[in-house]
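Order as written gives the chain letters A, B, C and D; numbering starts at 1 within each chain.
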Amino acid sequence: MATQTSTIPAGGLAGARDSAEKNYLNESKGILSWLTTLDHKRIGVMYLICILGAFFLGGMSAVLLRTEHLSGTPNLMEADAYNKLFTLHGAVMIFLFIIPGIPAALGNFVLPIMLGAKDVAFPRLNLCSWYLWVIGAVCALLSLLLGGFDTGWTFYTPYSTSSPFQGVIPIVTGAFILGFSSIFTGLNFIVTIHKLRAPGMGWFKMPLFLWGLYSTALIQVLATPVLGITLLLLIVERALGVGIFDPALGGDPVLFQHFFWFYSHPAVYIMIVPAMGVISELISVFSRKHIFSYQFIAYSSIAIAAFGFIVWGHHMFTSGQSELMNTIFSLLTFSVAIPSAIKVFNWTATMYKGSIVFKTPQLYALSFLFLFGIGGLTGLFLATLSTDIHLHDTYFVVAHFHYVMFGGTVIAFLGALHYWWPKMFGKMYNENWGRVACLLIFIGFNMTFFTQFAMGSQGMPRRYFNYTEGYTTYHVVSTIGSYIMAVGFFVIAGYLYYSLIRGRKAPDNPWGGASLEWQTSSPPPVENFKKDPIVGDPYDFSNLKYDPAIGGYVRVDAQGVAS
Amino acid sequence: MSSAHGSHSGHGEQVGHIVGWPILVATWAALMVFTYITVAATYIDLGSLNLWLAMVIATIKAALVVMYFMHLRYDRPINALVFVISLSALALFLVLAMLDTAHYQQVLIPGYAPGMTPR
Amino acid sequence: MEFILSFVTQSLVQSDGDFWLPPRRSTYAVEIDWMFSFILYLSAFFFALIVGLMVWFCIRYRAREGGGPQPSPSHNLKLELVWTIIPLLLVIAIFYEGFRGFMRLSVPPQNAYNINVTGQKWKWLFSYPNGYVDEALHVPVDRPVRLTMTSEDVIHSLYIPAFRLKKDVVPGRYHTVWFNATAAGEYDLFCAEFCGKDHSNMITKAVVHPPGEFEKWLEDASNFLAKMPPHEAGEKLYKVRGCAQCHSIDGKANTGPTFKGLMGHEVALKGGTTIVVDENYIRESILEPNAKVVAGFQPVMPTFKGRIKDEEITAIIEYLKTLTE
Amino acid sequence: MDAQVHPHADAHGAHAHSPHLQHHFDSLEQQFDSGKLGMWLFLATEVLLFAGLFCAYSVYRANHPEIFIYAHQFLDKFWGAVNTGILIASSLTMAWAVRCSQIGKQTGLVICLCLTLLGGVGFLCVKYVEYKAKWEHGLLWASQYNPSHHGEGHDEAAAGDGHEDHSEAPDPSAAHAATPPAEAAAADPAAVTPTVIMTTSAGVVVERSKILPAAMGPMELAPDTTGHDLHGKEPQNVQTFFSIYFMMTGLHGVHVIIGMLAIAWVLIRSLKGHFSPAYFTPVDLVGLYWHLVDLIWIYLFPLLYLIH
């Protein structure tokens, strides 16, 4: 390929692009060339395909779960099937979709380009991460074949060591392997950001998305190994009877919860911090205005990552954790509210006096502000000791984390997908359908989960197959909402697929973004840049002008042309 | 081999720090001495100090290994920072978990282990 | 401040639940609900502020033909400090109030009436001071009650929404909680920690008796041997005295032989002999369980000698007879 | 000369670089630093992987010192010390191997790597001897913990090994004297209630029921037998120590094996002459890993073997 690239005169294709142009997608052909690729962009695309598959599986199980709840009596499945299904939904969504979602799929694609690098620091390790993801997914499927698992994604002992279903060990093994996939991705990103920034790309010249990914990677590297050892202990506990967590053998089940949440709370920030990074990009680009207070947003990402390590005990307020630790963890938990609030205020301030364009990604960003606002604020109820006692393990918690994980991360993921879709595949999608789908998802989401706040605070416990009379209306409204959301997702799948085969050719810079990925072609060449990109302020849009002829933005000032 | 070296010599820089053999041997000797001390110390009853003494010696040994065998003393500071941060996370985990378990001991049923084989 | 607080508290006591919260039926439910409402209004304010600004900016600054962004600063330290420090003070206040409420509900009063609770897959057993065991929680109104809870198998969690009370029930530990019910009635009692197949059926009632009636109920209920037909009393004993843990009634062997069709049938014993199960064998097996162990089972049953009355054994035998028909 | 051909080595056409330079790096120094940083991050994850076990250890030891004091005597200080020596020596040879590769001494590199590998083999052999002894005495993790000859188990182990350490090892009875927590617990009726001790009608054999007492209502339980009938010697839940012991040494052993595989890989490459002062990163990184394995053992040895 070196010879191929050298035959194309650098920069000679700026105006006249034709289908013969080489890019990372058509540079080599055949499934094998993808499966053995070391190109971060291809690995990102492979991740994207895989996690969308996982998202489909998790989403379908959610729809089935909601359907079951149309009435308080069994109507679709039996209790065991329900329990396995909600466990599957949780485990798939968390381990296979949300955690790798933004970092591994989209981050992999754009991180090196945003840095002006040719690839991540360790391309082989990157491919290895993807294969580990696949192996983890295979373990999850294997566990379904072996009878499934009904422990909940939290695998609390002693239930998980005594559960009658044989799928527990395979899924725990799968989660263990997925943990290493996540660790290697994080490790790769940290080294890449430290060592492979293009000349002139200082830490504070990086787009805020990269600060988000960097913070995420720190958590991945520091917290995930603890999940590894926890799951390893769980496997030997169940297979061999090593009684460290099982009270029947003299172990301590509350200690397991400490172990589990030491990872799994920071993991919540693995899920949300990259989403926050995405929103920083979208709000700024589509308001055509410099992000408000870059440094506060950057530091608040790091702060969230750091505080994330000292708040895990708030999952254990009713578990038998000592009162002292309940108090300490409650106090520490509130610390996370501050950097989150700073971010939200700064995003809002960014829009002030902007020139706001309502493209699909921006609609997702606005939805994010709305939904994450609710998700974040309801966190206050759960961080407060006295109210958490009542709300713990009810649908209030379910609604809260769906507002953060779905209303936050998935919405940001969709925003990011729409934002970088032209860059990844070189095709534009239909804006109008994009807006319709966003609206459907927004309405469906609020119907599904806002009702769950009320139902939870009224006392409906989570993970319930049946429910008592009083909660029927809530459940029915919630289920209808989930159907509306499902329709929204099918619309997205439809027009994105259509864009791949029939979509308008995407310009290099359809949104007028100022970060480096918009300086290369859509889709980018294998080596990311044909000529060295100009590193500048990633939120300075003053020298980008809309050119109706190509349907995108071009640089207008002399310096840009000169280099 | 020499050709590879030659092609590189144009850069003129040696990456990494070479630790001299006397330092390696001295480190090894110190580690052996500390191992002897730590074993010997267990025969003196110092109460709870025994544990702390053993941990202090182990930490000195670990520091020797990290600084000289692992070159951290001569390495880029970022690598040391990574290592220190990982140890801080470890400490955080240990301290908070121990603090909690120490406080909830009184609600535990002593010796509860009904699943153990009868003996 | 105190006045406002007591006013709000009063009005909350009068009201009977709302859109957000179920009826409040314990003393500290009032405090928790006050806290809930405080956070709710505070959150609503901030949410309205953010979304209001967002919508306003969207309308006011939507892109117009030819118009770019207006010049505005991209940072402002004073503003940053304001929206860092105000939330900080607010969350500290919330933490402190939540902490005080938590401490009050963590420390049971000295004179609390104690009831022992056992969680097991998938039911609750409540053991009263006189030794009587019931499957529902019965408590007197206006009297502090302490629950001393443990589990036999996996983690459960005792949850009574009307009392705003929740605590995990963990094997190998005794967790205590307390409450003071403020009105007579029947309230839902849930298991809130996932515990397997029938987790969502692990529901019972918390029955709050009007003044003076709890003692009467307890006496009546404890006297069930005299009041119930023997086989019904035997069934109750089967459930609450732990037989059900090892002896099924559906024909499946568990830790011990099933009770289904046991009475009157011949069983093989350890050591090669056989015996016909009759009243005497049942009685012996309860009092000296390891004297004649059925082949294929471990001698692990505890003795009930001195801990079970003759009438109770008779009732259990009567119950076993019904399982053969 | 160099069998290691990087597919991207020449993609970066602008400058002529060492064949060891991958296409996405600008200089060997950048590549080396990246590798080092990556390895240190990986070592950080290893530290946190072991963090879980150290945490479990600390939690149980802080709350139940009697278990650890009693149980550690079944571990053999002598073999533990031997293994510490072996690992430290192998760390020296590994560090020396890195030095050899840095200054281009091929033979030295190969010899040092072989010696390091030998150290790993030695360590595993000793571990085998130790595990075998535990296995024979039923001193295993919780579900398999079934010390065949109680008390004697230890004596045999002591007699069998015949190392001078044992002559000085505390008498088992001294350890048994250190059981008051168990007895104290047993004397407290509230604590007795839940313990699973039942006398049979004969009143002689003490049997642990598998049935949890709570099933009978927590109020009026357990006849008046007290804890020392159980065995009178051993604190409760000694199995926890062995669970932790096997998990810690087992996971460490796995790391030793992985380290040995990595060293073998580096050895093969060094035999092929892949390394030079310009390119020795794999030796260096494998060395870092091996030192970390040593580092963890430096803590495991006093924590498990040298409990006082």
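Methods note: a contact is a pair of C-beta atoms (placed from the backbone, for glycine too) under 8 Å apart; a residue touches a chain by one contact, two chains touch by 3 or more.
Predicted model only: the values in this text are computed from it and were never measured.
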With centres defined as CA means, the chain nearest the overall centre is A
If you tally contacting C-beta pairs, which comes out ahead, A-B or A-C? Let me know. A-C
Would you kindly tell me how far, in whole Å, the mean C-alpha position of chain D lies from that of chain A? 36
How many angstrom between the C-alpha centroids of chain D and chain C? 41
Among all residues of chain B, which ones touch two or more of the remaining chains? 78, 85-86, 89, 93, 97, 101, 104, 107-109, 111-116, 118
Residues of chain A engaged with two or more neighbouring chains: 194, 222-223, 226, 243, 246-250, 252, 254-255, 258-259, 320, 323
Multi-partner residues in chain C (2 or more other chains touched) are 150, 153, 171-175, 300
So in the complex, the part of chain A that touches chain D is made up of which residues? 1-2, 5-6, 38, 112, 117-123, 125, 183, 187-188, 190-191, 194-196, 221-226, 228-230, 232-233, 236, 240-244, 246, 249-252, 255, 258-259, 527
Provide the residue numbers of chain B that touch chain C in the complex, in ascending order. 104, 107-109, 112, 118
Contact residues on chain C for chain B in the complex? 150, 171-176, 300
Which part of chain D faces chain B closely enough to touch in the complex? 1-2, 16, 18-20, 27-29, 32-33, 36-37, 40-41, 43-45, 47-48, 51-52, 54-55, 58-59, 62-63, 77, 81, 84-85, 88-89, 91-92, 94-96, 98-99, 102-104, 106, 142-143, 145-147, 150, 168, 181-182, 185-186, 191, 194-196, 207-212, 227, 231, 236-237, 239, 273, 276-280, 284, 287-288, 291-292, 294-295, 298-299, 301-303, 306-308
Chain B contact footprint on chain A (complex, rising order): 194, 222-223, 226, 243, 246-250, 252, 254-255, 258-259, 262, 309-310, 313, 320-325, 328
